[in-house]
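Below is one structure, written out as structure tokens; the observations come after it.
First chain written, first letter: the chains are A, B and C, and each begins at residue 1.
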Amino acid sequence: MSLSKKSTVIVENLRKKQMREAISAGKRLDERSLDEIRPIEIELGVIKKANGSAWVKLGNTEVVAGVKVETGEPFEGLENSGAMIITAEVLPIASPHIEPGPPDEETIELARVVDRGVRESEMLDLKKLVLVPGKIVYTIFVDCSVINVDGNLLDATSYAVVSALASCKLPVFEIKNDKVVDTGKTQEPPITTLPVSITTVKIGDYLISDPTTEEEACMDARLTITTNSKGSIVAMQKGLKGSFSIDDVKSIADKAITKGEGIRGKLKGMINTG
Amino acid sequence: MVQSRSLIDESGKRTDGRVIDELREVKINVGIVKNADGSALIEFGKNRIIAAVYGPREVHPKHMALSDRGVVRCRYHMSPFSTDTRKSPAPSRRETEISKVIREALEPALILEDYPRAAIDIFIEVLQADGGSRCAGISAASVALADAGINMRDMVSACAAGKVDDKIVVDINDTEDKEGGADMPVAYMPNLKKITLLQLDGELNPNEFNTCLEEAVRGCLKVYEIQRSSLMEKYFGDEKGMKEE
Amino acid sequence: MQEVKRKYVIPGDIVAEGNMRPLVNVFKNGNSIVATRIGITESNQDGAKVIPLSGIYFPRANDIVIGKILDHSSLSWSVDINSCFAAHLPAQDIFGRDFSPAHDDMGRQLSTGDVIAARIAIFDRTRDPILTIQDKDLGKIPTGELIKISPTRVPRLIGKRGSMIQTIEQASSTRITIGQNGIIVVSGKDKEGTTLAINAIHMVEVEAHTSNLTQRIKQLLNVPESEIESDDAQTNESNETTNQDEINSNNNDKEMGMINSNGSK
């Protein structure tokens, strides 16, 4: 059951006034333009015990993603595919407003939206990750821990998952005498595309991309769009209690494609040199 | 536990190349979580652990508040990718027990009478574990508490010692923990000279126990030096720490 | 001649030995005075203490704070004062003793998100702080840029008898309202002055414990050489600045647009 809640973050009216004045002049409080994404920093391979990992900073929002590869049964109905499972947890260290406990509806939505973007883009060619069709497949876990919250967890978590997967080294498993054996060798993951998610929110009459915590406290509606390398849209999610006009949605989609291409280039560059 | 294979070679080197009285490399980065009131990232060998403190702050739920002193909440939690085999995100019994012993290792140092009706929340997040994570977590938490400005009687420094190949060694790594003869984590308040955490897994005769305890305390004091220099560096840009005018 | 020895300490370090009086952020252990916080020590014939460099704001009765209205019940507003406890401003403080929710509209006076300068009228170990806005220069702050610094740096920002903050205000043509809780509102006529003031405030925050800070601040603000006096890193008044200093350092008060009990400005 889902229940509307009181907002935990209340922004001072002074700041809201400053924000509105700045936005109507085309700039935000941190000097960014309305559709500008914050600087992205990525450190790869931070968790040596994981098969792949990435520590992503999107402005002050920080997320760590770790890839662990095992073998197991395929999902029902997907007997000829490897299995991929993406989870996310917003750690209680990340913000004063978090209570430790089982994931709440926002955290579950976060994990599922990020998963959808990666899965529907077919970033990983799961058909190549089968050992015994219908019985034993590679199981790829990507688990995310949010370390510090300053808005836009959806995009930061997505960039962490994509970076960790694109840079991971998969073990090479074999079947010997009916048992799964880790040969000790590694292989490159079968990557087909880099999905990029861009989140835009509505504040008053304006559309703002990559919001900070303060901006999120003033937003009415949110739209996350994930695109693939071909510029096609593979996943979308609208959130919060407000609404968008049809023109808003079209404009956000256009931006997601163009901005997404820019971020894709950046991610590619960082993953290749990292 | 009786060992199945030797863990120290003929030249006295352990599985990770150390000698018996050598600690792994320790680095502490203070203030790494911007939203927290105090925080520290510790790298202790291959352990990579963040401790963050929020406090004093309101107690939720309100009925848990104490009228004459602060309450301490402590959560030790491992990320699924932190261990050799992926760990399920749900809290395990081991994490619950470790959360408790860590809280009891830090509480003696906190002057809780200064914070009636408030809570001090301590969160220890293990991003990568490699033996001795609770000791590393306690050491990081102590730095995070100081960074948060919580009134403390002393710092708390922690280190484990144990028995490997019938020798007493300091700072047990993951392999030694799993296959060695004994593992004894210790937390210590270095100025008040008091022990606040003491556990044992394995078998030690009285002599071995005494030596092991001394080695662990010696390890704690080494960790204390690094806690001090990391705090001095962040606050004063000065590792020596004593400035007299 | 006062003997003031200063040391950098972390919790557990010895501040002073011998028969000294423990003051703040220390405790006595046998013959030693021991630090309980990270900070700079100060010992003289009055006793030994540590001036802390970290820590959130812990309320003190009579402190001036800047808070933000969160909500209201039928009898009071709840106010976020950037501390571990939410504070409360009783409706009676504005409406008077014969306040009644039936004919007095609380939401009209102060609504969620409004920023106020208030004094902590009552605070003890048994309950949340109670605020008042009845004194001069208190009440709603309608405009200005709001910034946050560590509350431990506020005494340094105010300076001896308000000297540091006045220097910044005059050089940048701004009006700066400082709360002991680390919240500051800067009001200037133009963006340039406001930005200059904010840069100066951030420099004080980062370098509060260093010496010759006043000189460097004046350089940042382009204040002429002749007006620079030497100034020590910490003063004895650092923990004891008066409430008046904090908000009323400039005698030529500019319009602040605040409300008081009879609604006049």
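Couple of notes before you dig in:
Note that a residue touches a chain if its C-beta (ideal position, glycine included) is under 8 Å from a C-beta of that chain, and two chains touch if they have at least 3 such contacts.
Small disclaimer: the values here were computed from a predicted structure and weren't measured.
Taking the mean Cα position of each chain as its centre, C sits at the greatest distance from subunit B.
Should one ask which of B-C and A-C has more C-beta pairs in contact, the pair is B-C. With each centre defined as the average position of its C-alpha atoms, the distance from subunit A to subunit B rounds to 32 Å.
Distance between subunit B and subunit C, defined via averaged C-alpha coordinates, is recorded as 36 Å. With centres defined as mean CA coordinates, subunit C is found 41 Å away from subunit A. In subunit B, 57 are the positions where the chain touches two or more neighbouring chains simultaneously. Across the interface of their complex, subunit A is touched by residues 33-36, 39, 46, 48, 50, 52, 54, 57, 60, 75, 77, 79-86, 89, 121, 123, 125, 127-130 of subunit B.
Against subunit B, in their complex, subunit C makes its touches with residues 4-14, 25, 27, 29, 34, 36-38, 52-56, 58, 84-86, 125-126, 152, 209. Against subunit A, the residues of subunit C that register as touching in their complex are 68, 70, 80, 111-115, 141-146, 185. Touching subunit B in their complex are the following residues of subunit A: 46-50, 53, 60, 64-68, 70, 87, 89, 91-96, 99-100, 141, 143, 145, 147-150. Chain contact summary for the complex, subunit B toward subunit C: residues 37-38, 55-58, 67-68, 109, 111, 115-118, 146-155, 189-192, 227-228, 231-232, 235-236, 238, 241-245.
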